[in-house]
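For reference, chains read A, B, C and D in written order, and residue numbers begin at 1 within each chain.
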Amino acid sequence: MCDSVTELNRMVMTGVIHSNDAAAEDFFVMSVAVSDAFQAAMPGQFVMVRIKGRDFPFLPRPFSIFSVAHEGGTTIIEIFYQVVGKGTKLLSRLGRGDELTILGPLGKGFDIRQDRHTIVLIAGGVGIAPLNFLAEYCKGSDDVPEKQTRIICFMGARTADYLIGRERLDKICDTLLVSTDDGSEGYCGTVTDCFENHIGSVNVEDSTLYCCGPYLMMQSVARKVRKYSMPCQVSMEARMACGIGACLGCSVKMKTDDETVRYLRVCKDGPVFDVAMIDW
Amino acid sequence: MTVRIGSLELKNPVMTASGTFGYGEEFAPYVDLNRLGAVVVKGLSLEPRAGNEPPRIMETAAGMLNAVGLENIGVRAFVTEKLPYLRQHDAAVIANIFGETIDEYSRIAEILNGAPGVDALEVNISCPNVKKGGIAFGADPRDAAEVTKRVKDVTDLPVIVKLTPNVTDIRAIAESVEQAGADALSLINTIRGMSVDIDKRIPHLKNITGGLSGPAIKPIALRMVWEVAGVASVPIIGVGGINTASDAIEFLIVGATAVQIGTANFVNPRATEEILEGIERYLRTRHIYDVNDVIGTLNVREEM
Amino acid sequence: MTVRIGSLELKNPVMTASGTFGYGEEFAPYVDLNRLGAVVVKGLSLEPRAGNEPPRIMETAAGMLNAVGLENIGVRAFVTEKLPYLRQHDAAVIANIFGETIDEYSRIAEILNGAPGVDALEVNISCPNVKKGGIAFGADPRDAAEVTKRVKDVTDLPVIVKLTPNVTDIRAIAESVEQAGADALSLINTIRGMSVDIDKRIPHLKNITGGLSGPAIKPIALRMVWEVAGVASVPIIGVGGINTASDAIEFLIVGATAVQIGTANFVNPRATEEILEGIERYLRTRHIYDVNDVIGTLNVREEM
Amino acid sequence: MCDSVTELNRMVMTGVIHSNDAAAEDFFVMSVAVSDAFQAAMPGQFVMVRIKGRDFPFLPRPFSIFSVAHEGGTTIIEIFYQVVGKGTKLLSRLGRGDELTILGPLGKGFDIRQDRHTIVLIAGGVGIAPLNFLAEYCKGSDDVPEKQTRIICFMGARTADYLIGRERLDKICDTLLVSTDDGSEGYCGTVTDCFENHIGSVNVEDSTLYCCGPYLMMQSVARKVRKYSMPCQVSMEARMACGIGACLGCSVKMKTDDETVRYLRVCKDGPVFDVAMIDW
């Protein structure tokens, strides 16, 4: 017999909502206290969230960890989410004191490459969530080599109002370049175009790219980076049921050399993948 | 809490449902595997299978659709890579098997017959998400019997046959499979369903249809177990929408000797253990010392 | 919003499902009956029926079980007592009929053929809650065709045949019924299910089993409508778990010409009207001027 | 065409919870503001209640009206309920400001007989709910003949703690007799036994009996009243789906003279029935 019972259950816990505020229409930042049983999370990891004691939504919902902070014996995690359907709508109605069931931290986070010293973030919309944590982690963590602190962040949103979390990032990043679809602030156009316009200012040899956003945006980045042979990691999304690698529901197609078809599980093999692993 | 499934004795009636518990190890951080009656592993085919193209799942009212398409590492990799870990635990290991042809079923069964640590086979003739095999065998009493016979021929392990609900009369299939030598029956597999994205006017699943599971289907599963309990003399394993101990007890009362927990594992990875504890509590508070005293005790005559 | 069900033109595709809307008048305080495409009334038998012993209903996850057993006032009382009220409204009246024998079906159809105000017949060969008739006819392609023929023989009204989901292959039944002359098909009726009181160890329903309806069954209903749409050339009316406009639109997209709202009427008596408004909004915001441009437009090839 | 649209929807409305307090373990009194669209309710009528915007419980739940009050333009209804399953458990967790969807008032209330001048109430447990409204109505309403004000109330509960609403009733009733299963207050035994013990003090010729409580208790009353030929009305319970007479789910068996089987709908033909109508 193996597995001591005391080791169990460290990853299923009750989270108590501290705050849940609208940052823009349909965009919310929620902060949740999860007790110190919550294991040290890596940027890029996610949590599965349910509203405690409710039968609906039926399945838990995955959200990236936007930030982690410690206050005394409790860990506070933040989630940055967009209301897109019924589950996120219900989440947005919760308030201080309401309880969640949290499973996590889950998945494989970003691989912070020690051999390269510039971090380039490309975030579209809520894709900023895991990248914000990555930026905070790199600036604050002892695990990250001192000199790897140069962070260049490209952040895109529909309009200026949706550039959420920008103030926080501005303090951490060495360079923050914003773009909006309507030009209401920064570059007018997509964040990928903005990135490509500024590629000259990036030291391609010493940089790693970290990217999160809508599928089409990541696909476009995937195509662009081929040209520059920069290592690039993407955080993928897929519908999930279990979040722990068991249901095989969250597959993305893997790039293979031959004709064989293989799938990767976003929840377990990812959500962060090297861009070259995915068959876009 | 001991129950018997053919020659197999389980220390309690709570098992996992195939395809919802991986190969067990995925759940080790959440559940003490030693507490479970049995772990039924993800369906195994002769060769590894990549499964269907995504999207593969979609939430529905109190349930979910899946069209995973039996992605698995293949029976040989299971024996070498997954079985050693599972064997260390004090839970029976039941291998769920699937073939595109009757020959394949029998070859997988042969391979597993020699594998140390496998306690029983569960023959999946009911997967709705693959083009060949699966449901095709499960919907016809003769085909279902034929698969059962061929598997029985090559194995000494207890053979559980897993039935599909997508039929007019599940009793006919059950009877036929029992006559062919099945040591036990498990039911139900998922019910074929569908869901549509009204903005894009495309199915939510790439496979168009998928298998419905979860609490939504519990009343249907329970009815079928009750029906089959009326005709079968081998033990029945109840599956379908069991989310709480109370659900599990309903299945025992209508005649299931054991239960499998499926989709509930996704909602709460600790579901199996919590359901087991709930059954124990139910028995304790009612001073029932043997779970077998609950099995098949539905009273249909009493005044209500 | 006009759609055609055989020779019957409906001003919009939203109807009520039989047995969930009484004889219409029960809902008059909540819904403007004039707005509905059609009202399908509670199933009518030749003689009044008392129905099954209570308890008759039980809630389940996202659904309910019922075993009402076709309690109704009988076709003659319907014509004299209920029809005059219904006729005053600007909604088609569809009489749902049920017999224990094929003769009974044909006699009820005869009576209704002469009744002013009845716009179509819906032949229920799919009720799971009665001992004789009902599902017995609906589960066999030949019996289903026979009932259809006999009803067609005695009526000039459009004949809609309502199919049961409790079968292995609903397409076979659909094809057979269509060949027998059905002007349209409606599907699905309820799925047989069960629920147990674990304290008393008795079924929650006196009838032991009942018919499952509500959002729980929507994925199954949708799949069956999609399947039948692939083989039938007569219009299909989609029923089963429609709770919102979005649900209704899913049915239209997979090929239903109209939809019926059942259990949702119990959850919210204004459901029919709200669903109608939701469909209108869907069309308007997408600049679709004719609802027929949505019907049967599921795209199964597009990249997802 | 008939039915003017303006007449519609007067009976489906949003109710806002004012208070929802535990009166004893698992017994709650909830007060809900329902706007003056709520039609004048008769004692014995009920409402169907859902938690607004929630998918669970799936079906609405029926509750008797415990009292009705008017404050300015709003009507306040009270519900007295016991937590017995998932739906009532969820109700009990709601608080001030939470919203319900209310359908009602529904059903046939008590028939207040003008020819008899004493009202005898027999209430078991939560069965007090419709009877409290009846008592308040008879004492407060202009519709009730002046002299029909004598109210005798028999009220039974498990223990003294569960004699909820007694203070209010004490003020209204001419006689209030309590019983508890454990004798912790009043008569020790069932409320029906207590009633039978005191039958001597009731003017049988001039009284009407109104009864609500568990099925077995009402059945026992039904048997006893046969002896005294007192008119007796009971408020029945049955599982409901629609609450408006359409689903035929809430049937109770009717007493018929011959062998014919007939059912009554609790929601539409009742919930209040003359005791002689029911086939106990």
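One rule holds in what follows: contacts are C-beta pairs under 8 Å (C-beta built on N, C-alpha and C of every residue); 3 or more make two chains touch, one makes a residue touch a chain.
This is a predicted model, so every value here is computed, not measured.
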| item | value |
| --- | --- |
| Topological distance between chain A and chain C, in contact steps | 2 |
| Neighbouring chains shared between chain B and chain D, ordered by label | A, C |
| Centre-of-Cα separation between chain D and chain C, whole angstrom | 36 |
| Whole-Å gap between the CA centroids of chain A and chain D | 55 |
| Between chain B and chain C, centroid-to-centroid distance (C-alpha), Å | 33 |
| Touching two or more other chains - residue numbers and ranges from chain A | 55-56 |
| Residues of chain B touching at least two other chains | 55, 60-63, 214-215 |
| Graph class of chain-chain contacts, one of line, ring, star, complete, other | ring |
| Chain pairs in mutual contact under the definition given at the outset | A-B, A-D, B-C, C-D |
| Residues of chain C that touch chain D when the two form their complex | 19-22, 26-34, 42, 50-51, 53-64, 66, 68, 71, 88-90, 214-215, 263, 265-270 |
| In the complex with chain B, residue positions of chain A that touch it | 1-3, 5, 7-12, 50, 55-60, 101, 103, 238-253, 260-263, 268 |
| Chain C to chain B touching residues, read off their complex | 55, 60-63, 65, 139, 166-168, 191-196, 198, 200-203, 206, 208-209, 212, 214-220, 222-223, 226, 241, 243, 246, 249-250, 253-254, 282, 294, 297-300, 302, 304 |
| Chain D partner contacts - residues on chain A that touch it in the complex | 54-56 |
